[in-house]
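The following pair of complexes shares a single chain, subunit A, combined with subunit B in the former and subunit C in the latter.
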Partner chain A sequence: MSLLAFLDILLALLVVAVAVWTIVARDLFAAVVGYVAYGLLLAFVWIRLYAPDVALTEAAVGGGVTGVLLITAGKRLGALKNVAPEAQPGFAFRLLAGALAALVAGAIGAAILMLPEQPPSLAPEAAAAASTAGAGLGNPITAVLMSYRSFDTMLEKIVLILAVVGVWSVGSDKAWGGAPAPFRQSKPYAPMVFLAQMLAPIGVLIGIHMFWTGANAPGGAFQGGALLAAMWMVIMMARLVEPPRVDAQWLRLALVAGPAVFLISGIAGEVAAGSFFAYPPSLAKPIILLIEAFMLLSIAAALPMLVAGPPNEGPG
Partner chain B sequence: MITLLDLFSIAAISAGTFFFFAGTVGLLRFPDSLTRLHALAKADNLGLGLVALGLLPRADSALSALKLIVIWVLVLLSGASSAQLIGRALRRGRK
Partner chain C sequence: MTPSVLAGLVGAALVGLGLYGLILHPHPLRKLLAFNLIGSGVFLVFGIVARRGAAVGFRFDPVPQAMVITGIVVAFAASALAVALILRLSAETSRVTLDPEAWTRRNGEDAE
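Right after this comes the complex of A and B.
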């Protein structure tokens, strides 16, 4: 057995071990840290499977954004615990929940074990279609996402907006329209400010580079957008900027810009190229880049708003 | 054939690996969070720096060599800052 295969098996075992550890960890914070480590290890697995696009997304979203989201959620839950009396679910209820979870896990496991040798896949067809429809795009993944599966890609972004609407709607009526609570630090703290001032310009540059290079190399709007979102979160944590009010016009425009431009391009495709979401071949690359640029904006606006939470200051 | 540059790479990467190893031992064996933080921050910065230094002669182009250096500087920056933040959180927790 070669050294590389040995390392791969070690990596796979490590992923499973960290996953088990994350599930059995009793402490909420420890479980979140385990989950972040799990996300980063999974990014390595994707690299080893020659899927750098997925690895970038996994590292940015699974390791980064979800980690921050879960830590903030954990802190809020911890604060709630002192107020509300904890109602322990009954034994039968817990048994039922466990049985359901086991059923779902078993069904997924069975589905994976019963996969045919040659899994039915649209990938070759999609790659062929994308190489014609997305002419000018060197990265087949972006081409498939933007040309072949454009409807799914657009709906994914709409899901993000719905999630933000969901988070905002938990806020009290009195706070509606105000800004979410400031991030963590009660007053600016010098090392955090230093980190934000040094990191944010570099991070923004790399985020835009990831989006731009996504047309020809691993990268794309989601990865770049997640990085831009992280930079915005860092400067909000350093209290260099405050979270915006949720009724700010520019924020709402930024949130809907991506899906809106996507939808308008899709409808324009119906007129110009004969079918919904079809791009005229000569203009495919500029149109795709235009859509991706607005999606970048929407992702960079939506993810920090998910982390910032519902508005909690009175308007005014 | 092993050239002088290869020898340099092997030496630097081995030294870097040693620092990672020492940092990991410190993380596992040191008694409290502050000393563990110390072991981790120092060893990782130096370890990664040496590994990056060893990889420099093996880089395809000047641009990828520059990327290696940028990665190291970014890790230095975030490592030092997060060590400060964790340290402050510890000090506050103790009071």
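Right after this comes the complex of A and C.
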């Protein structure tokens, strides 16, 4: 057995072990910390599958931002954090649930071992899209996201806005238009402030680099946007800035800028290149980068707003 | 065993673990965590197709990978909405469960 195969099996065991921990841990906080570690380990699995773009997204969004979301939620629940109803499921019920879970996992595992030898693939079509409409993009993932399946990507930006609208609308009527509750209730904490001041400028630079390099190398608007969002959350946690009011014009403009620019480019493609979301080949790369720049802005605005939660009626 | 088959089996195990946690954990935040485990397991199973569909000079099939990236972001958006609903429920009722039995038994107030 080669060293790499040994490491693969070790990584697989580690991922499953940390996943077991997030399920069996008694404390919510411990489970969430386990989940963040799990997200990072899963990113390594994706790298082993030659999917660095997915790995970056999983590490940033799946592990990092989801972890912040759940830790913040646990803090806001306060005493209710670990409350469980008295009626704990009985042993027979546990056994039944375990059997069902094992059955489902076994069925999926069997299906994976019996996959057809000639795998069906959309790669040729994607390659065609990458070499024509997405001309000049060295990263096939970005070409697929922005050209071959651009409609999906635009609708996904709209899903993000719908989620923000949904989160805002569960706030109480009195609080409407106000700012979400701060990420931390306590006074500014000096090490956190220092971290935010040191990390945020570097993180913003790396986020923009990830977006810019995404045209040709792993990266792109999703990963860069998630990093910018994380930096905004870090400075909000340090209480260097507070969450903005939900009726702020600039915030709403930033949220809709990505899908709006995407949609306008799509309609312009109908006029200029003959079909919806077609880009004129000579201008494809600048147009895609323009759309991605606004998507970056929208993602960086939407993710922290999703974590911050609905407007709050507290003081200030 | 190739890395993609191994990753696929890990994905299958994650779906099973997540399903178990989703059914058995009474706390909604723990249920949400388990649901995210199922989600990432499904992405992994879906993603090994990206590894197998290597054709026309790619080392992977970029279409499923792009869809997984989209999926991770949408899964986060759905989780954020779920968290907002859970927090609102707890603020309104001081409970974190929808089970009316647990609600009346532990609260002692009259259920409306």
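Just so it is clear, the second predicted complex is superposed on the first by the 272 of 316 C-alpha atoms of A that agree within 3 Å, B and C clash if a C-alpha of one lies under 4 Å from a C-alpha of the other, contacts with A are read in each partner's own complex, and residues count from 1 in each chain.
The rule is short, and it goes like this: a residue touches a chain if its C-beta (ideal position, glycine included) is under 8 Å from a C-beta of that chain, and two chains touch if they have at least 3 such contacts.
Computed from a predicted structure; not experimentally measured.
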item: First (subunit B), second (subunit C), both or neither touched by A:Pro286; value: neither
item: Partner chain in contact with A:Gly309 - subunit B first, subunit C second, else both or neither; value: second
item: Partner chain(s) touched by A:Leu113 [first = subunit B, second = subunit C, both, neither]; value: second
item: First (subunit B), second (subunit C), both or neither touched by A:Tyr189; value: first
item: Partner chain(s) touched by A:Arg149 [first = subunit B, second = subunit C, both, neither]; value: second
item: Larger contact residue set on subunit A - subunit B or subunit C; value: C
item: Subunit B versus subunit C as contact partner of A:Arg76, first or second or both or neither; value: second
item: Subunit B versus subunit C as contact partner of A:Leu199, first or second or both or neither; value: first
item: Shared contact residues on subunit A - subunit B and subunit C; value: none
item: Parts of subunit A lying in touch with subunit C, wherever the complex brings them together; value: 5, 8-9, 12, 15-16, 19-20, 22-23, 28, 31-32, 35, 38-39, 42, 45-46, 48-51, 53-54, 57-58, 61-62, 65-66, 69-70, 73-74, 76-77, 80-89, 93-94, 97-98, 100-102, 104-106, 108-109, 112-113, 115, 119-127, 130, 140-141, 143-145, 148-149, 152-153, 156, 159-160, 162-163, 166-167, 170-171, 220, 222, 299, 302-303, 306-307, 309-310
item: Complex contacts: residues of subunit A adjacent to subunit B; value: 189, 191-192, 194-195, 198-199, 202
item: Subunit A-touching residues of subunit B, taken from the complex the two chains share; value: 74, 77-78, 81, 84-85, 88
item: Parts of subunit C lying in touch with subunit A, wherever the complex brings them together; value: 1, 3-21, 23-27, 29-30, 32-34, 36-37, 40, 43-45, 47-70, 72-81, 83-88, 90, 94-97, 99, 101-102, 105-106
